[in-house]
Structure formats: structure tokens, C-alpha cells
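Inspection log for the structure reproduced underneath, given as C-alpha cells.
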Amino acid sequence: MQDDAVLKITNLNTYFQTPDGNVSAVCDVDIEIKKGEIVGLIGETGCGKSVLGESVLKVLPYNAIANGSILFENSELMGYQQKQMRQIRGRKIAVIPQNPSEALNPLIKNKKQIYEAIDHNDKVKGTEKKKQALRLLQKMHFKEPEKVLDSYPHRLSGGMKQRILAAMGLCGNPSLLIADEPTKGLDAIVRSQVIETLMLFKENTGTAMMLITHDLNFAIKVCDRIAVMYAGELIEVGSSDEIFNNPLHPYLMGLFLAQPENGLIPIEGASPSLINLPPGCRFHDRCEKASEKCERFHPEMKKTTLTHEVRCWNL
Amino acid sequence: MKKGVRALALLVIVAVLVTGFTGCTGAKAKDKASATEQTLVVGAAKDFKNGSEPKTLIFDSLTDSLEDMSSGPRLVTEWEKNADFTEYTLKLKEGVTFSNGEKFNAQVAKFNIEYWPVYRDCGYIKKLKSIEVIDDKNLKVSFNESYGNFIDELSKIWVTLPNAVDAKGNITDWTGTGPYVLKDYQADMSATLIRNETYWRTDKMPGITKIDYKVITDENSRVMAVKSGDVDVIGLTEHYTVMPFADVPDLQANKDLQVSICEDYGTITTYSLNWAKGVCMDQNVRKAIALGIDRDMLCSTVLYGVAEPTSRFVLPTYKFSQQEEGLKYDLTKAKAALEASGYKDGDGDGYVEKDGQKLSLKMVVSDTQVNRSVGVFLQDALKKIGIAVDLQVFDATTTKTMLKAGDFDLSTSHPWTGTVVSYLYWRGNLNTYDDYGIGYGVNDEMNTLTETVSVTGDDKVREEAFNKIWDIQNDFVAGVPLYFSQRIFVAQSNIEGLKFCPNTAEVDLSEVVIK
Amino acid sequence: MRKYKVKTKKQQKNLIWIWSGLLLILLILIVFSPYIFPDSNTINYELQLQKPSFQHWFGTDEFGRDLFSRVFNGMRTSLMYSLIIEAIALTIGLAIGLLSGYLGGKVDGFFNYIMNVFQAFPTTIAAIALIAVLGTGDLTLIIVLSVMGWVAYARIVRSETLIFKERDFVLGARAAGGSSAYILGKHIFPNVLLPVLPLATLMIGHGIMAIASLSFLGFGVQPPNAEIGLMLKDSATFISRAPWLLVGPGIVLAMVVALINALGDAIRDKMDPQKQMMEI
Amino acid sequence: MKKIIINRVLMILPTVITIAFLAFSIMYFSPGNPAEILMRYRNPEGGTDPAALAHYEEMLGINDPFLTQFENWGAGILTGDFGESFKTGNPVTEEFFYRIGYTLMLSFTGLAFSLVIGITLGFLSAEFKDSWLDNLLRFTQSLKMSIPSFWLALFFIYIFSTQLRWFSAFGYNSPKDLILPGLVLGLSNSSRMVRLVRTCILEEKGSGYVYTARVKGLSEIQIFFKHILKNITLPIITLTGVSLVSMIGGSLIIENIFGLPGIGTYLVSAIVAKDYPVSMGFLFAYGVIIVFINLFIDIVYQFVDPRVRDCANAEI
């Protein structure tokens, strides 16, 4: 069982120190990603799902503090120094950052940015490096890789930038890919390109993936398993089928109702401030089924099936 | 923790870079010249060609001023005069050449005697009849009327080549017979002089081989420059005090420096009262001002005991100086003078008024530390007798413009310097405004007396005339003498032989050596 | 992982209170200095150039005047003049910025070009040149610095006007037939005034420094009035004998200007919450 | 690209003409008769002779109408003739070129100091954000911003020249003499640089591409030198330009205190001495230098940022 898991997060807490007090962005999260598995992490903006990814990579802002356990390929990352982490980043764990239009340095040519990634994995000399870069771009289905290498990022479309970022991720030998909001703000056509990109990536590496997104339909289409996050904690975890066919948590149900094809019915209210969290269920003041118990006591994760877990008193 | 170490490392690198940079350039600084080559760096207040002192390093005067303000030989070695002072025979020094090789002879002397007096306030030009060249070395000068002051005034004639001047009294070719030769000149900035190795006065051959003349216009910078050793001496090429008095005690305490204060030759700082316009037309007001200033207090406080109080117009060392001090500090008399003119403090604000008009003086001075401080002192002092002072400090040019326009009641003025007779010719006759305020030509008698003192060869007559002049000035109060401002040299302590000359303009470096 | 001490909101607020309190105390001392220190101009030669002591915190100057009280008297002059200057400059800047931004086209082009010309001259030098024309004096100082100061305001007002001009409420008012004067006065003016506030605060500090510089060069305030630049100018003479003459005025000047600037920064942060967000 | 630059250059022409006009009118309207002033300088020991005055008036053409005089002066500028200094009689251009070197040396020394100080401290401040170091640095910056440069100059002279005797207090003898004034100038202009560098680095550190670089496995040092430095160049260049302008303007007071023979001190003394040709010429030169620095920054901008460069190309 253990050998199967690429990443095993237990009891992860991440919080930010701010002038207003501590903001707990990730709260007691347990999650596991197996080899070759695609796990979706779903939630609305600000629920802490990106912070979870950053916690794994230890690229949190300076005022953040994380504790808990992050086992990656059976090594505990929590105790790693930044220097050791750099051996993991880009080599073992690849990332496709969110917002591709800003994720490339606008003042540096694409090739240099790709070379950096190559350099990080193994030192190769000039022409070889270029060949490797071209190969990577071809793998990512670029039609004119030479031209792409020689231009600046602003000449490329959003989808192309994302593929470049993916190409950078490819140059190591990653066993985990974290894709952060790959479909944010994209139209339908580009979105299908992204799915293509991710699939290409998987074809090329056979890696496990953590897909961080707020796009429910996309996640269900792509992922094997889905974890739903709300206000810093996981509220429901299950296989894609279970999540799609049998959503249990009122929040997840609300999310489905909010999808366009279901009539765009929004969930009332807003998620609570992460500074002064309510003592009870974090969703209770938006929940139609909320009882007094929900208001006063914090629910724990409950297994409903072998793979399906949910955090709600009403089950 | 690691970050801390990195930060420290970065700081160290920066520090090393900065110190390395300064170290490198520091090493480039050249060593001082060897013992045989002695360079004196002079910090000066004015452009080299602009002041009257620097030129004495390049040119020689016809006669020398001696300590009792009488005359001694120089380029003119001997002179004879007839009984009624209408004819002089001058004998010139032989074998003197200009630094470019041209000879100094009677023709050159004649030109200089004719050309320069206008620009040097020499009265003899008005009486001059003719100059006859007897031979190469002898001249005969004739006057229309007797003129007794001629030989003294020749000490102000600095001999240039005849073709080295323009029509306006400017020297175009700075070639002289003097101890130094001008090598390089930057207007308003610097000049370089080297020793004239063929200087004719072998006994006066200076030891300093090169002079770096640096213009430092700001008084504080000048003091800083001598303190930090950038210049060897300040105050050398000016006939007035070039440093704030406040600095003198501090400079005296500085072991690296020596401060020489001249006891005998200096100037008397005199303030001008606008007697032709405004409130100071009233003689009683002028008297009150002169009486109301506590000069002892002034000197011991804002002048730091360096300057000596006085109410005379010229130095007591001068043969014909007034016998006693003039108007001395006396508060009651001052107040009485004001009252005599009808000034009274009616509204109890501490200031006197007449016809509802507050007595207020507009005091205009140029912007130096001493002027500002004395200004504040006077403001405070005159307040005690009920006179308000509106102190206005301007840059030198604006001040001159305002004074020339008569737009002031009280201002700094030009002291009675040079030979006193020349001064009388210049400002003693003047009854209008010039760059230094208003002249002392308060009545026609001043003209007659000026005439008398310059013409006569009889000391008795001269003394009588001078006494009358002092009486007039003390009574009329066209100006208020305040303090005796000594000449002060501040030099590095390794410089020896600096000396003051009776001729205030002259710079004599003949005995100076750098140890 | 390294632990940083982050100041809590409360601590930050406390700090702001301390600063404001300090500024307030200084301002009270400055504004009421003629009443708090009535004899700052009283001469007492017996106390000439005294070292800082319990009686005279900053020492005394060459006239035996207490430097501490003179510094505040001097700051009063500087602050008053600076306020007048900034008020005039702000008025001119507002008028020109509003017109330029609102009318656009040739008017805008013209004013823009004037502003470019004005910015081509360094303030101190242009001020000295103008003072040469108008004559040295306190009034001239105010005029000259106002004339040089409006450009900064005009630029920011202009760009803000351009933004607000396209806002719905302005477009609406225009569609409803409001006159240009009405729209400018009622809708745009109140809105551009707010962003100008932090700049105006900062410029008060600048004004004090500019006055001090000019006085130091001898083109500003006249003695015996106390003014910081003038006092520092005098202190240059006494720098080795009485270095405290340099220290006292320097400390108070730096404190006042720094606190005013901090106030300006605080106002800006308050109005630009985005910056605060960024800091999180 | 070329076209754009040419365009920019052409656009500053009217500005330059206006600067000339202003420089001329300031001196034209200042009180005093130039002929009289010139005469006093040329003939310091003579009186005021009406005939001579008339001669000088004729020579200067001061009885001509304003515009004619301006035209004459302007025509002179075009041929590089700014007239002769009343005081020294030297051509204004000669005086200018002799002195501009000192001002530029001083300004660039100051600039170098301000860049070194600004980038180092800014980097430290950002790297250790909210630590005691950052707080200390920020506090000193805001204090430094509130201290007039002449205060700093006097203080440094007191410490380094009169007490320690490390540097000379006055004049220019060797490049070493530029260190102290340069440091003062640099320090008093570095506050903005430190602030800018700090904010920019922090901003860049939060940006997407830095995140990308981080997750690529680059070290913070690599990220700073390979990515951030390049991206903060642009604002630094802009501020450098602004600083250079303010240093050239602000150098006058420093030149004055340290006795450097730069154009600032000379212009002020010329204004004071009513040396009209020098005042007009130098004022004009100041304006033009500043306009050109701004132009230069504009053009450099085009080269550094490929986005701007592309837009520029597209416009052609």
C-alpha cells in the first residue's frame, strides 16, 4: 500500500502570519496520490487549494508556516532544507503554474527559460541543450519550435505558454505533476487544448498528477479521484464517479447546481474568513440543512465507502 | 539563520569595495615636493587679477611704504625735492629687467607715473605739470602747485610695461619686475606663479619657488581648507579679515596651525549712515546711533575678543590720526539725542516715534557671518535706545546695487584705508552714493581740507587740517567706526616667515620657508 | 523554517498612534512656539555658545539664545511658509490639472508642454534665477516655490481626471445635460481631491526642505528670524567649536519631515488598500 | 524604431525653444542695466562715464526691442556662440565646458553611490522583509529622506575632514575629492532607490514567473540574478534618470559646500553677480541637459523592454 503512494500528506496545517492575525489556509489535510493517478483538488478561490500545492513544494511566502507530514516517495519533505527541496522541484515534482500569461518572464527569451529547467536537471552543453529543448517542444506538439525558442513570451498565446511550462516540467523525470488552475480563465477551445496538454504530459511520463482547479466539470472529465476543499479543509474525497454521481456534502451539491448546465444557481453567502473560523462546521451558515450541532461542533471526516469520505454531520 | 550569514557577507563585500575604491584613489595622491622645490598653496577670497594684493607678487612699486607710513626706496632709489614741493628729481634703480627681458628705464617709469594715478586714487595727477626724462635713469617731475604727498603716493604705483594696459586701467599683460611670474591663470578659480629667478632685489629673493593660488569664495570653506591642510595659508592675499572672528579662537587652539594677528596694520570697520536721505538725515539720530553702540561688548561677544573696539576713523599709528577716541558708548546721551529731535516712545512698544512714525532703520549688509552677527548685535543694541532695525542680508552684488541707489539707512562701508590722503581723495570728498554707501564729503570744507593735506609738505599744516577733518567727522557722524579689524594669517605650523607689510596691499614672501 | 515576527494590526495601530502623538506634540510646540518660548530671540551674551545642558537641551548659539526654542520658532516659519506654498501650488495644480484632463485636446497638449518645460529646470536653480529677478525676501520665496511646485499636482490631477472622466456617473451626468463646470465641480473635483491628499502631505515636507536649502544659500528667510536653513548656515561657522548648533536643528527638521512623510504614506496606504493586500 | 526616436527628438524642439525663451526672459527682466554691469566688470576701477556706457549699451544692443534681442541671442546659440562672460571675458561655452565635467563627475559619482546603496540595501530590505534589519533600514531611509543634503554635507565634513582628516574639505585636486560630495549626493538620493528596489523585488517575488522559476528548482540567488534583476532594471533605469536629473539640479548646493568648480556654483554666482550671458547660457544648458536625459531614458526604455520594442516596431 505504502509503495503505491507517490505523495502522502497527513495532518498538514499551513497558516500565514498577518497583521490581522493568523490565517489558516490549510487545515488538517490528509490526502494521498498513488502512482499514475490523477487527483483533482477542487474548491473556490481562496479555499487554500493552491497553498496546499505550495506547501508540498515548500515555496510558500515568507510569512507562512506549515506543519504536518508530507511523504513524497517515502521521504519526509517536512524536514527538508530549501537546498534539498531544489533537488525535488523540477526533477521529481513538476509544476504547471497557474495563470500561464504571467508565469513566464516577459523579459527573457523562451529558450533561456527552458534552458534553465534543463540545466537544473543535468548539465548539457550548448547545441545538445538546444536539441533537447526542441525535442521537448516537439513532444508538446509545437509546430515551429525553433521560432518559439527564439521569441519572447509575449508573442505566444496563453495555450502555447502553458505548453512551454509543461515542456519545462517534462525535462526532469517527474513522478508527480502539480497543475495549478490550468483552465482558469480559458475559453472552451483552449480548455480542450489544456486537456490535450495534460494528456500529452501523462503519455510522456506516466506520472501522477495533482490537478488544482475550481472547474468541476473539467476535474470530473480528467481525474481519477477528486478532493473537495472548503475554507482550508477537505470536505469530501472520492473517485470521480462517486463525486459526480453521488455528491454527499451540501457544498458539493451546491457546486453542481451552480454549474451552467444545471441552471447556474449560486450558493448563498460567502466562505468564512480564515482568520476567525466558526467553531462548528465551516459551511454551516451557508448550509440549508444546518442544525444547532453543525453550528457548535466541528465535524470529522467520515468514510461512507472504501474510497468515499465526507465531512458532514447530516449523514 | 543562513540568510543572516549571507546578509553579513554582502555587507562585508560592499564595505570592502567602498574602502578599496577610496584606498586606490588615495594612493594616487602625490607626495609633497622635495625640499628644494617649495610650493605654497594660498587660499584666497578673490580672483587673482581682481584684488589689489596678488599683483604685488608680480610687480614692484616705485617706492616702499615704511612702518611709520613714510616712504623708502624701491624702484626709485633716491629723490630730491625743491623747497616748495613743485619739483622732484627721481633716480631709478639700474639694471632692472622685466621677466620677459625688457628693461626698466625712465621711459617706463614716466608712463607708469602718468598712467596709474587715476586708477590708484593718487591726488598728484591733478597738479602734475610735466615729466621730463633726463636720461635712462633720471626723471624730473614738475607740478603746477606744491604737492607734498607725491613720494608717498608713488608707493601705490605698481610698475607695468607701457604696452601692457588697456584704456580702462586693466592690465592686459601680467609681466612685471617682481619676485614672481604668472604661469597659469583660471578666472575666478586659480593661478600658478613661479619664482622670478632673476629678481633684482637679491636680498628679497623668496624661498618659495611656486605659489598655487586657489580661489575659495566661501568663508567657511576657506577655514575648512586650511584646517584640513588643503591650503597652506589663508588671509595672506587680502587686506581685510577673511575668516569669521568666531573661528579665530578655535584656529588658535589648533596645534597644526599658527595664527598671526597683525597688531599694527589693519582696517577699522566703519558703518555708513545715509545722511542724505531718510531718517538718518537727522543729525541727532546719527549721533544717537553712534552713542548707542557698546563697542566693547560687541568685540568681546560676537567678535570673540579678536577685534579691538574703537571709535576712530584711522589707526592711531597714523601720524595724523585723531588724538582721542570719538563718540563713545553712552546710553543716556544717546537717548537724549533722540529726545532732542522729538523722538519719544508714546505707545510703549519699546520703540520711539515722531509724528506717529516709528523710528526704523533699514540696515543692508552683504552676506558674511560677521556681517550677520554684527547686524543682529546692532539690532539688539539699538533696540535699547528705541530704534528698530530692519536687517536685510543680501549677496554682495545686490548689496552694492542697493547701496549705490541709496536704498538703505545703515550699512557696511569701506574703511579709511590706503594712505589716508588717497582715501580722502576718493571718499572723503564724495557726497553721493557708491558701492560702499555714502561718502564723507559732508560739506565744502571737507574739499578744502582734503586739498590742503595732500598739497602741503608741512606736517604742521597737515596736522591742523587733519584735526579739523576729525572734528567735522565726529560731529557730523556720516559713519560709525566700530572696531579695529586686524589682518590675520592662518597658516600650517610648518610655514615660517610670514609677515605683515606696512603697505596693506603688499604680500611679502621674501622670508617665508616651509619646514 | 525561519519564524518572522509579524506585527499584528494592533501593534501597527499602536505604532501609528505613537507617531501621530509625537507629530502632534511637535506640531503643538511649533505652532505655539511664540507663546511657549516667548524669549527665543532674547540675547544674553553670558550664555554664548553653551553646550547642551539641562536648561538648554540643544545648547545656545553665539548670542546666547536657547537653541531648542529657536529651532521650534524656526520650524514655525518653515512650516507656515511651506503650507502657504503648497496651498497655492495645489490650487494652481488642481485648476490646470482639471482643465487639462477634462478638456483634453489642444488645451491638454498645451498644458502638458508647459509642464515639460517647467520640469526641465531644477527647482533650486530656477528658484534662484527667479529670486534674482524679484529680489530676495520672504514673499519672493513663497511666490517662487509656489510657481515651481504646481506641476507635480497638475500631473496627478490630470491623470485622475482622465480616469474619472470616463466613469459612469460622469458620463451619466453629461448625458443628463450637466454643464462642464457643473460636472467638473460636482463630480470630478471631489473625487480627484482624495488621491492628491497623500502627495500634498509629502510636499509639505519637501517645501520645508526647499525653504531650508534656499535660506542656507542665502536666498531665503532674513535674520534675525529663526529659520532652520539659516540656523544651519550659521552653524557652519561654528562647526568645530559648537557642533551642537548643527545637531539640534537637524534632528528636529528630520523628525518633523519624516513624521509628515510617514503621515503621507499612511494616508496613501489607507486609500490604496491594494498595497496592503500585496503585503500579506 | 528609428522613426520613433527621430519623432521623439523632433518633439523636444519646441520645448528647447521655450526653455531658451524662459532663460532669456528671466535675465532680461531682472533688475539692473547689463551695460552698466558689464562696464563695471571691464573697468573695475573707473567711474561711470556716460559715453562709455552708451558704447557698451550699443555693443550689447540693449536698446533693441525684446524680440530682436532674443532673436540675436537665439541665433548665437545656433552657431554655438553664447556670448562672453561679463566677469571673466571668456566665451560662455568655454566656461561651460570647463565646468560641466566637474558637475557630471560629481553627479555620476553620486549616482554610482546611490545605485550601489539603493540596490544593496533594497535587496537586503526585501530579502529580510519585516525582520529587524528591514525595519532598521526602512527607518533610516525615511530619516535620510528628511535630512537636507547640506546638513549631511556639513556633518560629513565635520567627521571626515576636520576630525578624521580623511578627505579634503574643499576643492578638486584628485578623484578622491569626489568621494565625500558624491557620497552625500548619493546618500540623499538613495532613499527613493532603496524603497523602489525593495518594493519592486517584493512585487517580483510574488509574481508568476518567479514562482515558475522556483518550482523549476532554481535557487533564490539564481532567481534574483537571472530573473528579478532583469525585471527591476526598468523601474531602476527610470528612477536613475529621475535621480540624475535631481542630482544635476541638487549638485549645486553640494558643489557650493565642497567648493567644486561645477556649473551649479558658477551659475549661482553668475546670477548673483548679474553676469547675464553666463546666467542665460547656463540656465538654457541646464534645461536642455535635463530634457535630453529624459529623452535618453525614453529611448533606453525602448531597448530594454521587448514588449515596448515590439510595439514600437509595430507602429512603423
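Chains here go by letter, A, B, C and D, matching the order in which they are written, and residues are numbered from 1 within each.
Rule of thumb we're sticking to: contacts are C-beta pairs under 8 Å (C-beta built on N, C-alpha and C of every residue); 3 or more make two chains touch, one makes a residue touch a chain.
As the structure is a computational prediction, the values presented were derived from the model and not from experiment.
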item: Maximum centroid distance from chain B, chain identifier (CA atoms); value: A
item: Most centrally placed chain, judged by C-alpha centres; value: D
item: Pair exhibiting more inter-chain C-beta contacts, B-D or B-C; value: B-D
item: Inter-centroid spacing, chain C versus chain A (mean Cα positions, whole Å); value: 50
item: Between chain D and chain B, distance of the C-alpha-averaged centres to the nearest whole Å; value: 39
item: Distance between chain centroids, defined by C-alpha means - chain B, chain C (Å); value: 44
item: Intercentroid distance (Cα basis), chain B paired with chain A, Å; value: 87
item: Junction residues of chain D, two or more chains touched; value: 31, 129-130, 157, 162, 206, 256, 272, 274
item: Interface hub residues of chain C, defined as touching at least two other chains; value: 2, 4, 6-7, 135, 236, 239-240
item: For chain A, residues contacting two or more additional chains; value: 62-63
item: Chain D contact footprint on chain B (complex, rising order); value: 3, 7, 10-11, 14, 17-18, 21-22, 25-26, 28-29, 50, 118-120, 168-170, 186-189, 214, 216-218, 221-222, 224-225, 227-231, 395-398, 401
item: Chain B contact footprint on chain C (complex, rising order); value: 2, 43, 45, 48, 62-63, 135-136, 218, 222-224, 234, 236-241
item: Residue ranges of chain D touching chain C (in the complex, touch as defined); value: 14-15, 18-19, 22, 26-27, 29-31, 129-131, 142-143, 145-151, 154-155, 157-158, 162, 202-203, 206, 245-246, 248-250, 252-253, 256, 264, 267-268, 271-272, 274, 279, 283, 286-288, 290-291
item: Residue numbers on chain C that touch chain D, as the complex places them; value: 4-7, 113, 116-117, 119-125, 128-130, 132-133, 135, 205, 209, 212-213, 216-217, 229, 232, 235-236, 239-240, 243, 246, 250, 253-258, 261-262, 278-279
item: Of all residues in chain A, those that touch chain D in their complex; value: 57, 59, 61-63, 82-83, 86-91, 93-95, 97-99, 101-108, 113, 116-117, 120, 152, 154-155, 165, 168, 178
